[in-house]
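Each of the next two complexes has chain A plus one more chain, namely chain B in the first and chain C in the second.
This part shows the complex of A and B:
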């Protein structure tokens, strides 16, 4: 017994020495790569965040239970992947990222409570999280009061700009105007039927869409909203058939999506014939999983990211994502935007040379990211991202084929004049 | 309101909207029948009704996966087997739940509300763990997804007709079961006077279990059928529960005929108003009307005349 112990001890010793010897060149390499590793914790953290000599703590705050878990799961996976990749490259300012994950449970007061816990108790240097606008609005006062930094991934209605939030998804005008321009130019669309779930994002988005359609001198022949979770769309489909619009502009969300597209198909509207053509801004590859590729085939979607993008950044990202989370997983627009969060934060911290929220905020505008799966992105003064908008054409296998992308990055404009 | 349309279009509107209303009617009846049996005959408020429906939907999903993997040649007919399986499995779960939980709560009807609500949360989380948080896509045989064109405007969705036929069959089946069969007679006897029914030798516990299982089984079939028109996810059952209760309470809790009549009234009112007003306003007006009528007639449209 004693003998065993002894040899065990010497083994451990030998291993440690070996490890130390192996780590030596690695440590030299790291310190050469980033001078920042030499920076002392007192220098990079003057406000008492959870930063030690080798670690920094961040928060992940999404719903992993409740209704919204359907949508938010992808974002959690993307943020974890990004954090793991950053850690494998040596972390941020030489510090490994540790994340504290909290569950917002699809309940907005819970989001507020958990964000307070992440900021006050865990002293998280950044929080990646929220999905719905309602959850973001719930945590906003907390982030502003305790001066935290939130990276918010979802495309949303705009009309907001907080010093404590970086919006990595598109705001409404980026998504909408390019989509409508494309459909009028290439598909010669003259009349539109606007349809949405009944809450702030679809209503604001359709308002912007209507203004833009009016501006182009075209016609809106109908505008309809249904409560969230509505499951029978036969009446509105009948209305669409009578009004014969060129384009159905659909912003239906959640479970209602499945009902809407299945019933549209069952009612004899074949989207592949494009009479009428369906253009949506709310159905990503994630949603198609539930709808079924064969029921979505032929529809068009306007967003900034599709899994099928062929640039090398994206190919690497998709491969890494599948390796980490399984081969049959799909990646939607928001998942990609969530992946940008930790990278943008890393870039801001390194530019600032500090984890302090105020310095990270000051470093964020004009920050560039060349490794984003969607391609090059840049942070605007208003905390949103410059990004391209692409049009995807739904294939029966549940993927989108990219048929168009805007030439230039579109400037984010959360408070569009003339659209309110 | 009508000025924008020609007369032939108007005819088409009424034909199509009438039909849309009939489909909604069938969906409502199918949703509510299981609940009406349990609520009406046993006085148990089953908040987990939606989750039983979704279990049926998940079983349909599993069956479709099995068939496309092992028996692709028979895929066209899998739906019937899926519905049968859904009925059996959800019925069995219903019997289990009755045995483990509900039977201890018969004397405390309000507690069943809380207990079954808890059950619904447990089932939701169970589905999330087993099938994942994302919705699953149930692939349907092609013949169910098309439509039948009567004129160039009027087109009738085949899955709508399927739901209607199914509803008619199940309603007639339940009616015969309740009125003609031995179990039905025993059930009605227990509803009217539990102590007396027990005294003449009816095994009231067994009757309760079968009734609860039957209600849950029908919920399973409904869930299976709704994979054609709706989504299948852990929380999708919540989408149906409000409408279901609305139909049952409006119809009069202990009357199956009342359930059918109330489903008809609500669905026709809603689909007509949906056409002429916006979707959300139609819902508001429907709910307001129901509330108004229930204030005047708290027992619902139909009620059993039983001396209490």
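This part shows the complex of A and C:
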């Protein structure tokens, strides 16, 4: 399924593969088994993680109850699917992955408690989880103290780079700059109205957006924030009508989205006319389920992944996902990023030839994954992924049509100079 | 239910069952530290910080009849005061060198603040912080108390207003993220006056400090409950007007007990921050405040020890249900609450008094059994001289309750 950087195989691993191949010449079929036989648990696990001769334990930590459950369920499903697929292929270093699932219950202190449990009690070799920044901030000290490894799937505000986290979503600049460049070049946008939910991610993202808009010599005509869960956007919609911006740059999250886009439509702003054009970085296919495709039609979104991507990796992924979780399921940007977590971890473990966190960390930079549904991705030194930015145009059926993608992978830059 | 409430005043004059406190002390100080590893013990420590709030609620709600659905406010204020001190210590210029403005907390830097706001400045001082942990919530409680109780706002209206205050404070904290850390809270706290609070030894020590403070609060609450003030509180709960007509200033007693409840909650909040290593607005809002009332109700809202056991039981159940059935645990919790309310409305303490204590009595002095049904008798038998006073008070209360309001 995935091809890793072969040249990066450590000597230990290479020696063991050779040993295994000598023992069993019919290596193709049973190479995984021979690998396991060759690599004793004592060799691949020197720090007391939950690794046995044929299993390895990992954690899945998302909210499956509470307000965030609706967003995080897709990530849980993606992670389970990836783990099942890896197991079907023979596991990691010949060991089947067993997962321990914990519920963060949309409550940040609970996330901290459960992450500690996964690391201290379960000795999880890796944890796939968290969604909101608040939950990540709550577990971060725990992962750093107990030296765990977290694969974090959500696009987020950046300003962070922990040795104990691999960020499989985009940091803010990867979503924002290419999107604004695109809208100015192809849609000739001159003025922007920035809008967001009131917390760190929308604020930081808009800060970056504003700096970039200034740099391009264009104008920001308004910037407004509303509390999480806010549902009455009529006053800001009136302001938008008054200021007549070319682009509404919307970073509204969660349930507020439903109210915002419905009210926008009710106020007579037809997004398909693109006067003004709506560009969002917070509405994935998952959110459109709640908003309704007809209310979202015509909006643009800047993400790295859309379900409608036509490459073969993605077609296989979508088919497998639907087979596992049902035909009417939709797959958003974060779900895909969550799917990358177990695969990146497997690749890192195999490159390191060990489950030890320090070795996995050392093996992670420059790791490549050619089988990602979004296409080729690569782990940067700063633990974020190189990935493309794509622009999707919302269709009435709740899907996005990809209208643009950046030519090259965009370098992750969690601490953008000149944007702070 | 009624037999339980009428028993309460009588209990006030009975000698304290010190062995029960000793038992709790043995469980918390000896059994649990020996039986549990540091991860579980730290969790117990976290639960015990909620017990501070529950003890305060026993005084306010159980004794005084003042149902506050906003105790999370005081827990949060105490916790935030401590968190501000720890955060300033963690944000020294070396550790924050990559920020645009080194030396201020990271979330301020993200929110484009370039200097420390004035109200953060005093939290550089430990002594100020320790004072503020208690003083800020108590002053806040005092203001609320004066505003409400002198205007004779009580009962359901008071409960609703405290809930509104909890909601307002949460919105304020989330909205002012540059100053408060917003929805993320104040995270990544490391040291307390140079002492790393994340190490195992520190967590052990903090656990014992926590238990010691809990007992200090328990005894303070016990004293209040048993002195004249405690009886007045019960009298106010049962028939406020009679107490007022007897010449007592009802409002000042209510304000006092509400402030005491706030102080206890604040100590709990500060200990929470120290043991868990962060503070977030999710402890200030309506849901945690109601949860804390549930802890108290499960334990038995009239019993101080019941509050501690109730808090421990509910939280242990929460943790173990959610670990075993991550998808179904909320239903199990719901079933637990419904079960408790239906089967033993007076909580664990009521359960103890109805079933276990008579059995104990039966065991200790067999000859007495049969004459005295469930109603609890003093532990040291026969003090008839004192009995009439207590029973007359209790019977008058009994009587007054039967008058339709």
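Keep in mind that, in the parts below, the second predicted complex is superposed on the first by the 386 of 420 C-alpha atoms of A that agree within 3 Å, B and C clash if a C-alpha of one lies under 4 Å from a C-alpha of the other, contacts with A are read in each partner's own complex, and residues count from 1 in each chain.
Keep in mind that, in the parts below, contacts are C-beta pairs under 8 Å (C-beta built on N, C-alpha and C of every residue); 3 or more make two chains touch, one makes a residue touch a chain.
Bear in mind the structure is a predicted one, so any value in this text is a computation, not a measurement.
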Which of chain B and chain C A:294 touches, first, second, both or neither: first
Contacts of A:415 with chain B and chain C, given as first, second, both or neither: second
Which superposed partner A:286 touches (first chain B, second chain C, both, neither): first
Partner chain(s) touched by A:112 [first = chain B, second = chain C, both, neither]: second
Which of chain B and chain C A:64 touches, first, second, both or neither: both
Touching partner for A:55 - first (chain B), second (chain C), both, neither: neither
Which superposed partner A:238 touches (first chain B, second chain C, both, neither): first
Which superposed partner A:266 touches (first chain B, second chain C, both, neither): first
Touched partner set for A:198, first chain B, second chain C, both or neither: both
Intersection of chain A interface sets (partners chain B, chain C): 64-65, 198, 227
Chain A contact footprint on chain C (complex, rising order): 39, 43, 46, 98, 100, 106-107, 109-112, 171, 174-175, 177, 182-185, 187-190, 198, 276-278, 280, 282-283, 319, 322-323, 326-327, 329-330
Parts of chain A lying in touch with chain C, wherever the complex brings them together: 64-65, 101-103, 105, 107-110, 112-114, 116-117, 120-121, 132-134, 137-138, 140-141, 145, 157, 159, 198-200, 203-204, 207, 227-228, 415, 420
Chain B to chain A touching residues, read off their complex: 5, 9, 12-13, 16-17, 19-20, 23-24, 27, 125, 128, 132-139, 145-147, 149, 153, 155, 157-160, 226, 228-236, 238-240, 271, 274-275, 278-280, 282-283
Chain B-touching residues of chain A, taken from the complex the two chains share: 64-67, 69-70, 73, 198, 224-227, 229-232, 234-236, 238-239, 241-242, 254-259, 262-263, 265-268, 286-295
